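Contents: one structure, followed by commentary.
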């Protein structure tokens, strides 16, 4: 458990050292979400309708953008080797890295999303559901993404291959997440969508760190 | 001129060696374009309306995704140093790299866009304008992107910083590009939008390689 | 048997494009795939044969030089 | 003396090339092994196999009489490879403390500082590693030898990029480690400032 | 003999640290300079300054009597640094041919192959560089010495990671280059198998 | 006892004993595929009656459903072999997984294609974003991802293991495809084959579908075995048995 916290601390420290990193991931989210009104035109009714989808896709893409860096630096400079040889169980260290990734790339999105939602003219209750769906969904994105990042580590054409592997797996999260927000703004029940998201999350929390660890061990061979 | 071709040849060879790379960049475009209907819901009229914006944003993002790799590998392994010391003028070599980037990341999008347009129920003439706008727009994206990639080379938190720098510069391209397609599907004239795109492109072709070269020299210091 | 003529059969009650488009695509791909696989297999065999020939030549050279 | 590390009939192939087929050796407390061979002979491959980073084609590795995969081998092992394994953005001090934390060791700042000073990095503790010279980066990595207790040191070309003072220093460190009853497996193309050890020619 | 390369009163500082303040030397055809100093003394910094990769705080560099920034210096210069500068995904042969093409040189495949063979990479020409050993990667880089004509060689720790055979070979290559009237600036922590040259202690 | 069985199985699972066996099996499966295919086509075009609602357009069912089923079945088989290869480190099972993937991708592509050609006349659109269609699309992407991942790693052992993990992760998608029509109410037709309930389709239609499905199944086995033989030779080209196998 200590080792997990140590990894989280280390990754947060590294991110803080590259001060811009935390902020820019947020900025990316903001900019992507703002591109759509530009590309699509400023009709408010239309914007309101596409808002949940656009915000969720933006969250998904900005998570994706950070994924290749998740293990690449540690792999290149040999730190990953050292982790694999450390007396602490590798899965624990990896879980720590995933947690840190969520804290850096997921949590800020959750906090910022309501603000962007305002831009798209969403109302209070809908904004709340938006945040809630992102709170359940972004850890899922980090967990699934970590598996993809581990599988494509050190592989030729890694970055794009990663997107290819991970995006299909993100689709259910996207559907349930955006679905919940849409259901809310259409006045329908949201429990169904949210509980499915929660179930997926529970599954991933137990399963993903192991799969990621296995994939990393293979990458190190 | 020979040196330019040599760079193009080299970069294409490198990309082919990573066989998946060319294909996966395309897949990314396809998948991103397909994410929106999933997030937004399946209403055909709505989809048709947002199609130009979505396709253009997808093209923009998939170009963006490939940008950090544009110079990073050459920088890390010292090849860029060698290029800067080569007897051939650096700007020529860099122009070659940008051309190769467009051939790998831009051209395939132009060719594939009509197919995706079908998924969004666009008609023949609109599809043609979509391709044309992308044909003018994607080289512009590569040229602008190269400047950003050079500026953020080796900078802490580069990848996301790059997005932050480049996306605002991409906005005019996006507006004119998606605007042309929208104008066409609304039955309005498209020459205005397209000639603005062409003018921007002409400007960038002359200016961007020099700016990129200057930025790279600074990054090498 | 409910087709009155060959023409009617090919017209498929007005759904010709869709029915033949589907069956045609299936036929095309299902025929093409085995051929591609066959070609791959033959190519592997050819390469192996060439390699063995080269090895045999190596051995001969060894004998001669000795 | 009983052998602590026993390796028998290890084999390794890369691509279609058999690098080595029958490597056996054993090391007792206080002994060290110098793995030698030309560039590409398979030294790095052997070391990675030994520490368990890649699987062997055949052969066994025993640590204290138990198969290494089952023994609590990682706790006793310190492997430093070709890679720098230090974070460019962190300072040497932070690098050292954090890598200790990942190993589950609590390292006091004074101890870390002392290790860095011993390795001649006085005055560089608070600079980001990025600006250090090639040799200084290696020294940051080597400081782990002083902060992480381990019975078996496996060092791949650790003497690379070091100036002659640092080579002497590293020799002395290994010497002390052996005197304490430690074991070491080293590769190097240079002659080493160490008492004669076992040799393995690949 | 007239000096081909003349460096006067170069100064360089990094951070608040003054690395060197007054470095002057000159080299005539057939001469070489051994830049020496501890880790972090500033050898790499000096070399990068010399080839023009980073600007000097003060001082001038003249090549054939003309200021280096104005002379057609790049055409006469070959710099090999700490970095491998080879593409992991390409084979040694491709790496060599493509880097020649970028230099605007047309390199025949036989010539490239001959260079690789000379550097002991026979049998490795067609493997991706990624799978080569540390020393073999360096050799791929060094093969450029044979394929790219240049009057001034600037080699930063080129002897690192090489086995003793390769060290001898590289020594011989530099020797031939000098005999042809070339110049060389080298750094290295090891003794070099070369006739005595000028020395610069940082 | 079980130990003996296991040893036997391992011996049998070695490429050199399976290579000739596969060679003998391929023609057998081709014959079966052709027979079932001929019978299935006969039923689908000349025996099955015109549908009351869909006219002749419904005949697409005779290729659409087999292709869809096979795309899922092949995925399960591929994941099974890949997982076995990961767990037991048997070379043959990983090769099986690799041999199955392209055929599976082909089936998924055919399912999408024929579905689209059916959807245009029935729903008036080539494509709608409904749950079943989407999950089938994901299946196709998973196949493509598996193939791309394997071809991007050049060490075959590493490629096998990484592919296996991906294949196992993707298994979650198969039940989603199957139950999507039940879990979400969508445009797409629900399952007609149901063990607890009598088939709702005319018997001849059902027979046609089953015959075509068998034909597709036999075809898949035959093609995969051929590809498996090619893969075995490629991967084991330096072993003794390959040299003898060619004689």
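Chains: A, B, C, D, E and F, in written order; residue numbering restarts at 1 for each.
As a working rule, a contact is a pair of C-beta atoms (placed from the backbone, for glycine too) under 8 Å apart; a residue touches a chain by one contact, two chains touch by 3 or more.
All values reported here derive from a predicted model rather than from experimental measurement.
Counted as hops between touching chains, the shortest connection from chain A to chain E is 2.
Two copies of one sequence, chain A and chain B, touch each other mainly through matching residues, since over half of the numbers at the interface are common to both. Pairs B-F and A-F differ in how many C-beta pairs touch across them, and the larger number is found at A-F. Taking each chain's centre as the average of its CA atoms, chain B and chain C sit 38 Å apart.
Note: centroid distance chain A to chain B, computed from Cα atoms, is 25 Å. The multi-chain contact residues of chain D, meaning those touching 2 or more other chains, are 82, 89.
In chain F, the residues that reach two or more other chains under the touch definition are 134, 141, 144, 148, 152. In chain C, there is no position where the chain touches two or more neighbouring chains simultaneously.
By the touch rule above, chain D contacts chain E in their complex via residues 14-15, 37-44, 82, 120, 124, 127, 131-136, 138-139, 157, 160-167, 189-190. Across the interface of their complex, chain F is touched by residues 147, 151-152, 155-158, 161, 164-165, 167-169, 171-172, 175, 211, 214-215, 218-219, 221 of chain A. On the chain C side of its complex with chain F, the touching residues are 1-3, 9, 12-15, 17-19, 21-23, 25-26, 29-30, 33-34, 37-38, 40-41, 44-45, 47-49, 51-52. On the side of chain F, the complex with chain A involves touching residues 131, 134, 138, 141-142, 144-145, 148-149, 152-153, 155, 157-158, 161-162, 165-166, 168-170, 176. Note for the complex: chain A touches chain B at residues 17-21, 24-25, 27-28, 31-32, 35-36, 38-41, 46, 49-50, 52-54, 56-57, 60-61, 65-66, 68-69, 156-157, 159-161, 163-164, 167-168, 171, 174-175, 178, 182.
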